[in-house]
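Below you'll find the structure I mean.
We just call them A, B, C and D in the order they show up, numbering each chain from 1.
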Amino acid sequence: MADLTVKIKDLVLKNPVTTASGTFGFGEEFADFIDLNLLGGIFVKGLTLKLREGNDYPRMAETASGMLNAVGLQNKGIDYFISDIYPRIKDLDTEIIPNVNGSTVEEYIEVTEKLNEVEGINAIELNISCPNVKEGGMAFGVSCPSAIAVTDAVRKVFDKTLIVKLSPNVTDITEIAKGVEGAGADAVSLVNTFLAMAIDAKTRKPVLSTVTGGLSGPAIKPIALRMVWQVYHAVKVPVIGLGGIMNATDAIEFMLAGAKAIQVGTANFIDPQVSVKIIEGIETYCKENNISSVSELTGALEIS
Amino acid sequence: MADLTVKIKDLVLKNPVTTASGTFGFGEEFADFIDLNLLGGIFVKGLTLKLREGNDYPRMAETASGMLNAVGLQNKGIDYFISDIYPRIKDLDTEIIPNVNGSTVEEYIEVTEKLNEVEGINAIELNISCPNVKEGGMAFGVSCPSAIAVTDAVRKVFDKTLIVKLSPNVTDITEIAKGVEGAGADAVSLVNTFLAMAIDAKTRKPVLSTVTGGLSGPAIKPIALRMVWQVYHAVKVPVIGLGGIMNATDAIEFMLAGAKAIQVGTANFIDPQVSVKIIEGIETYCKENNISSVSELTGALEIS
Amino acid sequence: MKKIQDFKVKEYRWLNETGYLLTLYSDQTIEPVSPGNFAEIKVPDAPDVFLRRPISIFDVDYENRLLTFYIKVVGKGTKKMGELNPGTPINIMYPLGNSFTVNGEKNVLIIGGGSGIAPFILLGRELQKKNISTTFLFGARSKNEIVLTEEFDKYGRVLATTEDGSMGEKGLVTQHPVFSDISGFDKIYICGPDPMMKAVAKIAGEHQVDCEVSLENMMACGIGACLCCVTKTTSGNKCVCTDGPVFNSKELAWQI
Amino acid sequence: MKKIQDFKVKEYRWLNETGYLLTLYSDQTIEPVSPGNFAEIKVPDAPDVFLRRPISIFDVDYENRLLTFYIKVVGKGTKKMGELNPGTPINIMYPLGNSFTVNGEKNVLIIGGGSGIAPFILLGRELQKKNISTTFLFGARSKNEIVLTEEFDKYGRVLATTEDGSMGEKGLVTQHPVFSDISGFDKIYICGPDPMMKAVAKIAGEHQVDCEVSLENMMACGIGACLCCVTKTTSGNKCVCTDGPVFNSKELAWQI
């Protein structure tokens, strides 16, 4: 059987399949459906310094092969995560990776400092690309100087693997990727959701309470794949790819484009077992193609 | 019956439904399926100064609720259009709007100068957003200074309605929209396709000969709608909306978001009669909602 | 335990132009279902339907391994689920959500509107087992929208209001005479359109009658992972899919 | 004239694990179809299929208003088209593309591989009407992939090659003895995988036998509007959907 292990700096994943922040809760929600210990890692729901109620309902709209969300980082705050949630999931045989958010650089720093102290947490994902909050979020991720500033600040207070999650809502994603690499990111993950909108023609109103929201799902896959391919050729740090992955073939495409690991997002809503099926599918693909280590796939796209 | 006429500067469309450049040939291709005289307008296939063979096959890939294309502006050149094609379609009772392309500002100018002389052509669409050519194309549309420069140059040699077609592959589309408005554009149309990619996991090769291509179809609709809404609030000139419009409801959503007219693109491939169905659907909507003039819909989104 | 399971379409029973019972069968055993639980259904063969659709469990037959849903056509998914051929495979996540509480009540009122009648066969059956006297009150625009009264008859008294007066009392549910003595009930259960639920909850509150409402917020995951389905409560935003769909009306931050 | 028309599934005839004949019927009259023409089929109830699928017209029955397609399962759309229930509505644009030319030939060779045999019943019938002597040569990996020989038998001599030797000659079509006297034919018609067509076109060119190939490039519109389906020819890029699918092999810029 192929070696599925992948290394992202010091973070070792038993396989390249992880679940995307905000689409997998804290893992527990899926415990009835799959064995969580099989996963390479779980990127848990976005965390902030203080409790956040998130945006008003409606927060969701279905679109062609995708969905919009405008959750707005509802969570009980970092302290509650560390004291109440993490102890319940820390013994899972998979990497638990918190997704760190803030309205200001100081908030990012404070959340990170707390996580730096937590034993068992070997990496964080810095979310500078949330399109659903009024302050901070995506604003950090669409300008190179601010992306660099927040990465740099967080890097100074975090000793373990730092993954920075990029926004696709930019003219040139390689520029931001290079910026955060320079500021000390150990890896980049991409993409977060696309700023988008849904309207109800009958009521003439926006469907979401926030008017705009973030588009995810297979609709965005071709754009996400292009961005992963571009970023892979622009930076030296590992790339974690996501955006519309629905099955093992999609996952393999992202790896061929340059991803070392992948995240499964919206697909979890449609099939709560899909992440495990993707692991199995990658195994089968490796076997059928005589691939001894899954990392051989990363960037193996053949361009004639 | 509601008044369906819309005015884009001096260009009068009998209804807001037009067909998007590159998806409707020169109209003739659809003559067996619909009465072309019913359309508000036809944006014909992208034209360049000289004959272009376009990119190598394969130029197309199907994706979730969308498709990639990498046609690369194959056309026989502006002179052939004016001498051979236009005479065949000029007597249609609809507006024929050429889509103007160039690798350099000079080429844009030359093509436009020729069209400026053609009687019956009342508007052109300046394509600064084609993602499928090596030189020019999208490069003009993703940087504000170059978008302004080409618009400004073309404006100087064109007396009739000048529509500038914007690229969605940018961080802030309102900035480009404001730029071209300032440079003399009479209207903006958006969006062109999203730069994207498809991979064949079996062969480990890109599906398109050009590796990347342009994503169109309902997959992109939520992003396009958001951009139309943003641009509508940023500029004073009319906005022509497109991107994934498949039916009358979609078209109405674009108008509510701020579009004065709309273009039907990829949908023509799936149903060659769809443009006429959309006109009928808009009529019905107006009747059911007691709308006396279709322009009332433009920007009528109610945000509480 | 929540489960994901393959079923097949067994049969339909159409009740009017837009409402039908859909019965599914499975080769595997059926998980225990409580009144109020719902399922997330993957609509097969539907090009425009991306996410699963939450539908209350109308009835369950453990012995014959059947699940029945009462579905009203309101859009793409509910239309498609009514057009499948017998034998079509259909994948279900269930049982999801909490359920109605029953705590030694003596006399209860159940109010349903639209597809909101769906959870009440299971609830009626449970109440009957516990010898609780049950009144059903169904509200609709017109007679043809009041369905399945003969089924509910088995579990209690059935009343109706219609806006056009074609069946039962004319008017809205809250105009039914039963409300003149509302304090005679020690609990109201309700599921239906928001305005109906709010109006009833308001009266219940005024008369200090316990009131449980079942919400139908739009959902993406159905299992508490996406936080899309929230409703405001006195203790912050809660997920309708896991903390609900059943809430005590006092908990809800409804402006009523 | 090109037309867009609603049909319904009449029946299937499965020929092996992956190949089937699909017959559709319509209430309206059928447009005149020429050998080589194809249709763009909107695959119903298929969530993953966005664009229409180009499929050659295998047979047509004007009187009973039937169209038949020979389809090989290679992916999502061709799979789904094989699973529809009789009566399922299915929308077709047809007849599209040009057709094979017949100009007083006396003795012709028709070569088909895979789904490439599809256009040759109509062509065989036309050739027979014109009293042109016809030889069919079908190539496949194995016997079970050679289908419908009894149908083709009606219109000419049927030969076969299989890579495993399980039927006809062992090897590729170009290794069939018929090629030893290839100049005896005044035309070759061919449709099949690219390598097969190129190999045959090369031999035809060397022996100055007229050769028409039918291409199966991926298509978006099927009517010459999108310019996605092009093939390089001696006079630039041409659309397979309108200038083709049939090309004289001499026109094609194949590196052979």
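As a working rule, a contact is a pair of C-beta atoms (placed from the backbone, for glycine too) under 8 Å apart; a residue touches a chain by one contact, two chains touch by 3 or more.
What you see is a predicted model, and the numbers here were worked out from it, not measured in a lab.
Among the remaining chains, none touches chain C as well as chain D. Steps from chain B to chain D, minimised over paths through touching chains, total 1.
Here the spacing of chain A and chain B, counted between their Cα centres, is 34 Å. Chain A and chain C have Cα centroids separated by 36 Å. Inter-chain spacing, taken between the CA centroids of chain B and chain C, is 47 Å.
Residues of chain C in contact with at least two other chains: 49. Residue positions of chain A touching 2 or more other chains, listed in rising order: 63-66, 217. Taken chain by chain, the contacts form a single closed ring in which each chain touches exactly two others.
In this structure, the chains touch in the following pairs: A-B, A-C, B-D, C-D. On the side of chain A, the complex with chain B involves touching residues 61, 63-66, 68, 142, 169-172, 194-199, 201, 203-206, 211-212, 215, 217-223, 225-226, 229, 244, 246, 249, 252-253, 256-257, 285, 300-304.
Of all residues in chain B, those touching chain D in their complex are 22-25, 29-30, 32-33, 45, 53-54, 56-60, 62-67, 69, 71, 74, 217, 266, 268-273. Chain D makes touch with chain C in their complex at residues 45-47, 49, 85. Across the complex, chain A is touched by residues 1-4, 42, 48-52, 93, 217-232, 236-237, 242 of chain C.
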